[in-house]
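Letters A, B, C and D mark the chains in the order given here, with residues in each chain numbered from 1 onward.
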Amino acid sequence: MRSMIPDYLDGALSDVVADDSGATAAYIPELAAADPDRLGAAFATIDGQVYGAGDVEVEFTIQSISKPFAYALALSDRGFGPVLAKVGVEPSGEAFNEISLEDETGRPLNPMINAGAMTTHSLTGPDGADPARRVERVIDGLSAFAGRRLRVDEATCASEMEHAHRNLAIAHMLRSHEILTEDPRGVVDGYLRQCSVLVTARDLAMMAATLANRGVNPLSGRRVVGERVVRQVLSVMATCGMYDAAGDWATQVGIPAKSGVAGGLIGALPGQLGIATFSPRLDGHGNSVRGVSLFERFTSDMGLHLMEVPPAARAVVRSNRARGSAGDAVRVLRLQGGIRFAGAERFVREVIDSPPAEPRVVVDVSEVYSIDDVSRRMLLELVRRLTLDGHDVYLVDPEAVVPDPDPGEGGRVTVVDDIDEVPVVRGEAGARDVALAGRADDA
Amino acid sequence: MRSMIPDYLDGALSDVVADDSGATAAYIPELAAADPDRLGAAFATIDGQVYGAGDVEVEFTIQSISKPFAYALALSDRGFGPVLAKVGVEPSGEAFNEISLEDETGRPLNPMINAGAMTTHSLTGPDGADPARRVERVIDGLSAFAGRRLRVDEATCASEMEHAHRNLAIAHMLRSHEILTEDPRGVVDGYLRQCSVLVTARDLAMMAATLANRGVNPLSGRRVVGERVVRQVLSVMATCGMYDAAGDWATQVGIPAKSGVAGGLIGALPGQLGIATFSPRLDGHGNSVRGVSLFERFTSDMGLHLMEVPPAARAVVRSNRARGSAGDAVRVLRLQGGIRFAGAERFVREVIDSPPAEPRVVVDVSEVYSIDDVSRRMLLELVRRLTLDGHDVYLVDPEAVVPDPDPGEGGRVTVVDDIDEVPVVRGEAGARDVALAGRADDA
Amino acid sequence: MRSMIPDYLDGALSDVVADDSGATAAYIPELAAADPDRLGAAFATIDGQVYGAGDVEVEFTIQSISKPFAYALALSDRGFGPVLAKVGVEPSGEAFNEISLEDETGRPLNPMINAGAMTTHSLTGPDGADPARRVERVIDGLSAFAGRRLRVDEATCASEMEHAHRNLAIAHMLRSHEILTEDPRGVVDGYLRQCSVLVTARDLAMMAATLANRGVNPLSGRRVVGERVVRQVLSVMATCGMYDAAGDWATQVGIPAKSGVAGGLIGALPGQLGIATFSPRLDGHGNSVRGVSLFERFTSDMGLHLMEVPPAARAVVRSNRARGSAGDAVRVLRLQGGIRFAGAERFVREVIDSPPAEPRVVVDVSEVYSIDDVSRRMLLELVRRLTLDGHDVYLVDPEAVVPDPDPGEGGRVTVVDDIDEVPVVRGEAGARDVALAGRADDA
Amino acid sequence: MRSMIPDYLDGALSDVVADDSGATAAYIPELAAADPDRLGAAFATIDGQVYGAGDVEVEFTIQSISKPFAYALALSDRGFGPVLAKVGVEPSGEAFNEISLEDETGRPLNPMINAGAMTTHSLTGPDGADPARRVERVIDGLSAFAGRRLRVDEATCASEMEHAHRNLAIAHMLRSHEILTEDPRGVVDGYLRQCSVLVTARDLAMMAATLANRGVNPLSGRRVVGERVVRQVLSVMATCGMYDAAGDWATQVGIPAKSGVAGGLIGALPGQLGIATFSPRLDGHGNSVRGVSLFERFTSDMGLHLMEVPPAARAVVRSNRARGSAGDAVRVLRLQGGIRFAGAERFVREVIDSPPAEPRVVVDVSEVYSIDDVSRRMLLELVRRLTLDGHDVYLVDPEAVVPDPDPGEGGRVTVVDDIDEVPVVRGEAGARDVALAGRADDA
């Protein structure tokens, strides 16, 4: 049997293939000469599965899609302070090659426009690295995002350098504001090498999936950049990634995205997947015509819009039951699923609203697959308050999803691997044992 | 026992109370005379629980916070086409009172700046409604979002009208472009009444929670606007809600938000909660100084940032087990949790990668609390393909979480309420019966 | 015999009449319905002679051509300080209906754009005048420039008011910046009445001639505004009169000018003449197509360009001769023409370079028709220095072209009506004849 | 005896010397290290007399003052078409180092901003000249304007090149728009050599005087550029020479001018004189503080403002008298002074209004020192019409101020050197004396 996802992708490509509007980028022969009929799309899940259709193995230059990744590298290599001091995060409402510098400081408005991207390139690698080493660092970094060794298309790179007047203009302007502090030509050269890295739609989907997967490449398992960096990069892609069409994209597609002039387009959906399309004909904003159509289709068909409100997790509290009686009575609260603030709040509320009468309280998180920090703290604070109210509290946590379970001053909790380890429960009715036995089977 | 959430809010207020920087809005006496020391914060969950601390019952004027809600009403009353034809969705990178119209058309760039907000106001209610009825419609709508009857502060409204020169200028400019097609004074007057609606921080939290809850007021259960409208409104809040500080907010706070000049500030976290703060001293952007601090604190403490990638739902497939043997063999796949594309993909992949050898396949969704449309379709397509491969397929769905379970041409599925209804399984080991019995208890 | 100037004008009109490009202004019916084929041109000299050809007696509305005259009235009525505090003098490089206000202050960039013109209108008449009286003042003032009583076209005015959304927008914006301090509607109404004043091409030529004639109407002899005001108005017309085509006009035509949307166009050439044309079809800048052609022709045919360097007045010193001998010797310096700095300098230089040996020095200005203030001062200072060097100095000035001939401390001069009144010269009848006969030698 | 002009200049310098506000340019050490107390001023008349006070022999770099002169050279070397195709003439309202390019074409708005000045530099010399030869051409040209061989300050030039990031940025931007079509670095280098030419205030005054003298250096008598070029250059100086203070300068000073960052400032008053000042401390616009004060003083003291309307030449017609009687009767019209359109018009009008009854008409221009082309044509047309009316016409023109005196078809004129050569008049000796004695009556 075959998965319907490739079929879906095939169908999507079929639906857009007839649209031959737009044109390949014309400013250098290498791009102008690209086969305009190429068409491909790929999904990469955050556990590394890749689905593709069409030309997903054809190499083309990454161009501006390198910008968010180089930004991630710069943030990672130099830290937030030095990078934010030189490149802002505000949407410019302008085309990619506008200068868009802040009035007084000359700081580029964001890292997605060329001025910001060149500055970002100059901030990759260790401070003081020479241009060649810096390029090496960037190619290494992009390769790490992709999960395979990438290389530069030297012909495109040489041609770009010949037509780099506008970028040289911008770089000299940045130098005049001391946003760049070195020879602008070296920065432009390095930046154009970065843009000339060859990728396939498959590579791009994997690079996007690395962002969607909190910075860890799903295939290699290697952490490329930290989570805080990923959050910053995705935020900037969401507001500045599509240049002067940012608002249209945000409302209609709603996925942090980035396009490149060679026809690539990526989207990264946090916690879910990376998407890439490839089709070289561009619209007036410089975005791939069929790529934009595909993304609109994907978001509509698949409910990927960031503001598509998911149904609430109503069932965080799987069960809330009393067992035993009198002095032996135990209150057992079983939680499940992934717990974030909204879920933790409901759990806490349930306990507050119906305070346990039983002397012992068991919080069973063995079916919780994740709990974020605020929820962990709320849970532990609840434990502390239960202790202060005179309860003995047990935490069933066989996989240690609640790290460092210290409820703080006045609180106390006994962590056990199995509910059977809670004293009295052990002797209880077999129903629970059976239940537990059943549960173990299910896991 | 007391919930720790009010304690948390109290603590947060304590931490910011000392910051008396900024100043109340000075352009009308009513705002200038506001008590600058007021401070309050409220959370409203999407099932209607409100937590508050400080001045959450003090009334103040809603001001620009009315903008996203009026935008929602206009989209709802007139449809997307007519509204988008007159108001864009692009960030302006400019302050709230900039004119920011598109060059040729005079279309305001977005509904969060005054030009866009006045145009939006003019698009509420039925086409052709007189100004007074339109105002009534807006107040009704805001009241529906809040879940209680709101009223206008007539003194503030009168004072606003006296100082409305800039808004009148903008409205006349819109009239000259035929974006407005009626007397501009009536629109300005109605818009200022909209801005003069009195709310409390509690109201605002509930209004934001209505957005977070897909347009349904958590308390009244009444649908105020549709889901597509909510998605549009939240998208625009995310990119345009904080004016010229949009990028800073998007990276540092990451919650769709809107501020008002009387000191209110709201944030709506899709599927989770609504947040509101109230503190009248404003910073240079016109945002509440302590409100911004509180939101930064909330997002950091509580992991609310939109791009904070949640841990993946690894356990969508709760179990995948064979039962019985030979001709009686059944493959039982039990799903759990909320299923969106990424989860559905994993389930599908599991089936594809390990195709069931058994003639009968049971897909048990009784522990699934939600499934979105794409996942439903993937599930049904999988069913169809299983049928085509010769399997008999059963769907255990007692709560009908999979609506309209038609697998399409060539597919066939038997929907049952309980796994016991699947023929052969019935005779199986009692363990399962017990498990099921236990499960029912847990629900 | 007939003057060739009307013939010239007729010929010029014939040459442009075939050009029917452009279109009448379309924003109100009264202008749209104007006969587009009307064509007229008029010259008015600074002593009141008017030459006309074509439709010079047809009335049309003055529109923006009222702006420089109202600016003159405001400067005259309120003084430079209060007017410059509210309206700047910088070219905006923008179209007439752009708002073009200074960032912080809201001050309109110049009085030729609508924002500046409305502010200027509000500054005419005495401070505190009501709108109706102010309009009366402006119509009186425009009439004084034209030399006949002008009146308002009520139909056009009413129609303008109906389509005044953009002007109302601008006026409210000015009110919000407190550049206007009264009800904006009253200012717009008054301004539109000002624009609706009916004039003919003959009127406009006379109005321009009044500016060219230092503010005195050539026909009535009445001073309408002061010379300093005229200098300011002409300067602003030169840099801001033609909106976004200011540089083209300055280089190609080089005459301070102003156009109106009803088809009028004026130019004022300081000290020479006023020019007006009338042809209702407008180009993309809002200037009369055939009017612009006519002005280009006039400046080229007639050498009217401000930067057309006139041949220098080489013969300021008409003769420099000694008469008599020994103790009776007299040095006679005869000046001629109009004397400005450059001429005075040459005279002074001649005396310095060849200091008179004679005890008496006669400066004869009886053939000088004008002398400006700096030249007067230089002449008197020369007299003073001659006195200090021991000379007796006589000034022959029968028409008192050198007012207040006081050479200052240590200087002394005897003013006489005729050279014969200089003591010793008296007896020398005939010598003068010789001198005159010898004029060719002096040259 | 000493001229009062140097005294005046000394006095003017004394009045401003105390003002030590502003600061020397800081962007390169050579300028920063300039002696800020230097102060000088010079006037150069159009016949080559130079008056100076203070530091008029101190050399400094010409900087932006080279711009109008290089523009003149480009217009002269390449013609108007090619230069206007690449550099506009519109005021930018922006500072000197703004990019200020037209949106679509990338054409710099005017030649006084750096973008326009570098483009202008690239258009000097013959098309295709190499950068070094072009620089030689520019230095030759500037030297011709100054009347002495100028040289480059190599130290300043080298330092400028090190700090040329912004100019390099602009030049690369121009290259990207193909406004420049060669290596931008060569253009910037050449432009900076142009700016590094050493001049004194005396040189600058002479350069300005060359413009004021229609393009002929007053000392060398050599024509540097043509009159049409001078008109264009002065027009652009008038509207764009003082950057964002253009309107203030136009109204308050009213002299076409240009400033340089080393402290120089020039003004050229067509037909009168060139002015230069030198004082290195600059104001916020980059103009010399004391230089601006001096020019304000000069224009006010000396009536140099372009819009300062001079008293009209009322006496163009010196006398209009009949002589002889009956068949011998002659009408003698004596003209005087410099005749431009306004004067010619008065003469023509006098003849038209009082048509001569005498068969012979004598037009005596022996006391006319100049007549422009339009006036010449009007005079000859009058002659033609007089002929057609049956008159014999004589022109007394001993110095041939009326070139090519052909009255055209049907006209006839006899040119004589002296009125005595007119047949009948010859016998009337003495009549002329009477006429002269009666001159006062004619006025």
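As a working rule, a residue touches a chain if its C-beta (ideal position, glycine included) is under 8 Å from a C-beta of that chain, and two chains touch if they have at least 3 such contacts.
No experiment lies behind these values; they were computed from the predicted model shown.
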*Going by the contact rule set out at the top, which chains touch both subunit C and subunit D?*
none
_Rounded to a whole Å, what is the gap between the Cα centroids of subunit A and subunit C?_
70
*What is the distance, in whole Å, between the centres of subunit A and subunit B, each centre taken as the mean of its C-alpha atoms?*
21
*When you check subunit A against every other chain, which residues touch at least two of them?*
none
*Linking chains that touch, what shape results: line, ring, star, complete or other?*
ring
*Once bound in the complex, which stretches of subunit B touch subunit A?*
1-5, 43, 45-47, 49, 88-93, 109-110, 212-214, 227, 230-232, 234-236, 238-240, 244-248, 250-251, 254, 256, 269-273, 301-315, 318-319, 321, 334, 336-338, 340-342, 345-346, 348-349, 351-352, 355, 369-370, 372-374, 378, 381-382, 385-386, 389, 431, 434-435, 438, 441-443
*Which residues of subunit D touch subunit A in the complex?*
99, 165-166, 168-173, 175-176, 184
